[in-house]
C-alpha cells in the first residue's frame, strides 16, 4: 500500500515525459491524482500504524495527516491545472509586467514534474527513516524547481535559482543534522547507529544529549529554510509569487507541510529523549520571528501573490509556535496545518483567476473584483476571512486553540506578540483585499472577459467549503488522528 | 591508518584553503575534483578492517561522481556559457584566505565542544566543520552562479566527511539516495545556469535582483 | 667545553654567511647558462668596499650613518642566538626566540630609518613596501616558531632545535611540513628574494629592499651587504634546523650536515629564482596571508595534540 502510494505518481510522472499528445497526458494526470486520493482515503480508513519495526516506509498519524492534505490539494490542483493547461497555448506570451515575450516550458515536462513532485511529497509523508526523509525532501526541491520556471521569463528564472540554491544549502545542513543524530544514537559501547524513527523514539534509545541538541538545531535550520521560517525565508516570496498559481498553491499548501514534517520528526525524537523543552523554546522563537517579519512585509505589500507568500511565512510561524507551546498548542498546530493548507491553496487558485482576469499582480491596479469575476470575488473575500482566522472558519478554531495554549502555559508575552502579529496581518491584508474586491473596475482594458470557468472556481469552492466545515464541526476520525499526531510532539 | 586518515583530512583542508585563494574557474573545478578523490580514499581509510563491497561502492561512487561527473558537468556549463574565467569575488583573495584560516580555530573550538564517541581521528569533526564553513563562505562571497555551485559542493563534501565516519551496512539505499540527490541537484543547477546565461547573457548572481521587497 | 664549541660554531656562521650569496649567484648563473662569478665573490666585494671611502649626501644626518652599524649589530647578535646543527647557541635563555624576531625587526627599522633619512621619494617608497610586507611576514614567523615551541614544549631556540627530533611523531608530520612552508615563505620575503623582490635590480620601480640602500657606499654598504648575508643565515638556520631534525650525536658530522643543509638551501633559493618570475606586487600580501594560513593551521594542529 505504502509503496503503491509512492510508485503510482512516480511511474505516471516518468510516463508523462514521454507522452506526446496533450489529451492522454492530462487524462493520465487526472487518473493518477484520483488513484492517489482513493489510496489515501483507503489508508485513512485503515488508520495509522504506530512507528515500530524495521520498515523504511509506513504511515503514522502525522504522516497520514500530511499525506491526506497533500492528496486533497493535489486533486484540487489537478482540476484547476487541467483547465489552466488547456488555456495556456504553446505560443509566446506577453509578460504582464514588462511586456516582453516569453514561452512556456513544454507541457510534458510540466506534467511530469508535477507528478514527480506528488510522488516525492508522498515519500516524505511515508518515510520512517531520517535519511530517507532527507532524500525525499531534497527531491521535492528538485522536482518543483522546473515547475517554478514554467513561465520562462527572467523573474521566474531568478526565483528558481534562489529557490534551488537556498533550499539546497538549507537541506544540506539538515543532512548534517541527520549525521549528528546518528552520532547521538551511537552508544559508547560500540553499537551501530540507526536513523530509523522507531529505534530513535523507542524506549531503548539512549541518545547523547549534546549531539542531539546540535542535530535538532541543524534540522530546524535546514528544514526551516525549506519551510520558510524567518530568517531563512528569503527565497519563499520570490518562488511563490513567480510560479504559476496552481504551483504556488501546492508549494504553500503541501510542500511547506512536508518540510514541517521534517521538523516534527526531529521534535518527536527530542521529546522521546526528554529534551522536548530545548526544542520548544527554539520553535517558539522562530515562530514569533516569522510572524513578526511576515506582518511587517504584509502591510503595504503591493503584489497580492507576494502578500499571500508572506502570509504563508506568517502561518508556518504559527505552526512552529503551536508545536513550541506544546500541550493543546501541538493539537492546535496540527489542526492549523490542515486549515492553512486548504485556505492558502484556495487563495492561490483564486489569485490565479484574478491574474488571468486583470493581467496584473499589483494590488493598486485591481478594483471591482466582485463585478468582474463574481465567484472569484466572493471566494477572495471568504479567503480573506479564513486566512486571517475569523470565525466561522476552521482557522479561527486552530488559532484560538494555540492562543489558549499560550495563556494556559503562562506565556503572557508570547500570547501578546502572537495576537499583535495576527492583528497587524489582519489589517494589512484586509486593506488590500477589500480594495481589490470592491469599487469600480473603471475603464481598464481587461485581457479576459466572459463567464468564469468551472475548472477555475470549483476547486476553490471545494477547499473553501472544507475550511468552513472544519470551523463548524470537527469529525471524530480527524480529531483522533490530530490528537495522536500531537501526542508525539508532547501534546495530550 | 589513523595517520593516513589525518593526512587525507589535512589534504582536504589544504584544498579548501587553495580554493578560496584561486582566481581561475577551471582550476577551482579541478580542485573540487581533487577533493572528491581525497574523500573517496578517506572512505576506504576510515574503514580499514571492513573493505566490504559497501565501502568500496561508496568510495567508488563518490570518486566517480565528485571527481569525474561533476567536473565534466561544470566544465561543460563553463564552456557553453562562454563566461569569463576569472572568479571576480565580492571579497578579495587575501581577505578570503584570512577568513578561511581564521575559520580553523573556530572549527577546532566547535570540534572540542562535540566529541565523537569512537573517533577514527580527532581531526574529523573540526576539519569537516571547516569544509562546511568554507563552503558557506564561498557561496556568499562569490559572484558567479557556477562558483556558488562549487561552494555548495565543498559544503556537501564537508558534510560527507561526517557521513563516512558513520557508514553502516544497512543503509546503503539511503546513502546512495543521498548521492543521487546531490547529483540531480548539481544537474538541475547546471541547467539553470545555462538558462540564466541565455536569458541574461551573464551568470552574475548579484545582478539577479529584480525580485525584492 | 660546550661554550667553546658554541663560539666556534658562531665564528663559522659569521665566516660562511657571505658564501650563501655566492652559491645563490652561482646557481642562477648555471641555470642561465653562464659561468658566473666565483663562489667567493661576495668576500671580494666586501673587502673592496671596506677599502673605499664613503660618500654622504649633505641632506643626510647621523641617522643615515648609524643605520648600517645598528643593523649589523642587531643581526650579529641574532646570529649568536640560533643553534648550529644540534648544538646550543652561544646566547641562550628561555623564550629567546622573541628576541631573535625583534632583533631582525631592529635591523629592518634601522634600514628603513636610514632610507627615509635620505629624503628621496624613491627610497621612501621602498621603505613603505618593506614595512608593509614585514607587517605581514612577522606574525607568520612568530606563528611558525610558536608551532615549533608548542611541539617541543620550549620557547628557546636552542632547546627547540637541539631536541626537536625527540618530540616529533608521525602525527606531527603534516603540521611540521606546513610550518616549514610558512618559514620558507618568510625566508624568501624577509631576504628580498624572488618571487617577492629581485635583489639584482636597481632600476625598476617595483623593487623593495635594494632601493632602500641605494645611497650607501664604501664601508657602510659593506655593513649592509654583510648584514643581509647574516640575516639570510639566521632565517635559513631556522628552516634547516626544522627540515633536518635528526642528529647523529657526533658533533663534527652534525655540524657538517648542517652546513651542507645551508648550502642546499642556498642552492634551492637559486633554483627558485631561476624558475619563477617575480610576483605582481599585489599578489605578495596574498602569498604572505597564505603562509599565515599554513602557520595557523600548523599551530592549531599542534595545539590539538596536547
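Each chain gets a letter, A, B and C, in the order it is written, and its residues are counted from 1.
The rule is short, and it goes like this: a residue touches a chain if its C-beta (ideal position, glycine included) is under 8 Å from a C-beta of that chain, and two chains touch if they have at least 3 such contacts.
Note that the structure is predicted; figures quoted are calculated from it, not measured.
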Farthest chain from chain A by C-alpha centroid distance is chain C
Winner on contact count, chain pair A-B
Per-chain C-alpha mean nearest global C-alpha mean belongs to chain B
Chain A and chain B have mean C-alpha positions lying a whole-number Å distance apart equal to 31
Chain-centre distance (mean CA atoms) for chain A and chain C, in whole Å, is 66
Chain B to chain C, mean C-alpha position gap in Å, rounds to 39
Listed in rising order, chain C residues that touch 2 or more other chains are none
Chain B touches at least 2 other chains through residues none
The answer for chain B against chain C in the complex is residues 2-3, 6-7, 10, 13-14, 17, 21, 93-94, 97-98, 100-102, 104-105, 108, 122-123, 126
Listed in rising order, chain C residues that touch chain B in their complex are 170-171, 173-174, 285-286, 289-290, 292-294, 296-297, 300-301, 303-304
As the complex stands, chain B meets chain A at residues 113-114, 116-118, 132, 136, 139, 145, 148, 152, 155-156, 159, 162-163, 166, 168, 170-171, 173-175, 177-178, 180-181, 184-185, 188-189, 192, 195-196, 199-200, 205, 208-211, 213
Interface with chain B, chain A side, in the complex: residues 56, 129, 131-132, 134-135, 138-139, 141-142, 145-146, 149, 152-155, 157-162, 164-165, 168-169, 172, 175-176, 179-180, 182-183, 186-188, 190, 192-195, 208, 210-211, 214, 237-238, 241-242, 297, 301, 306
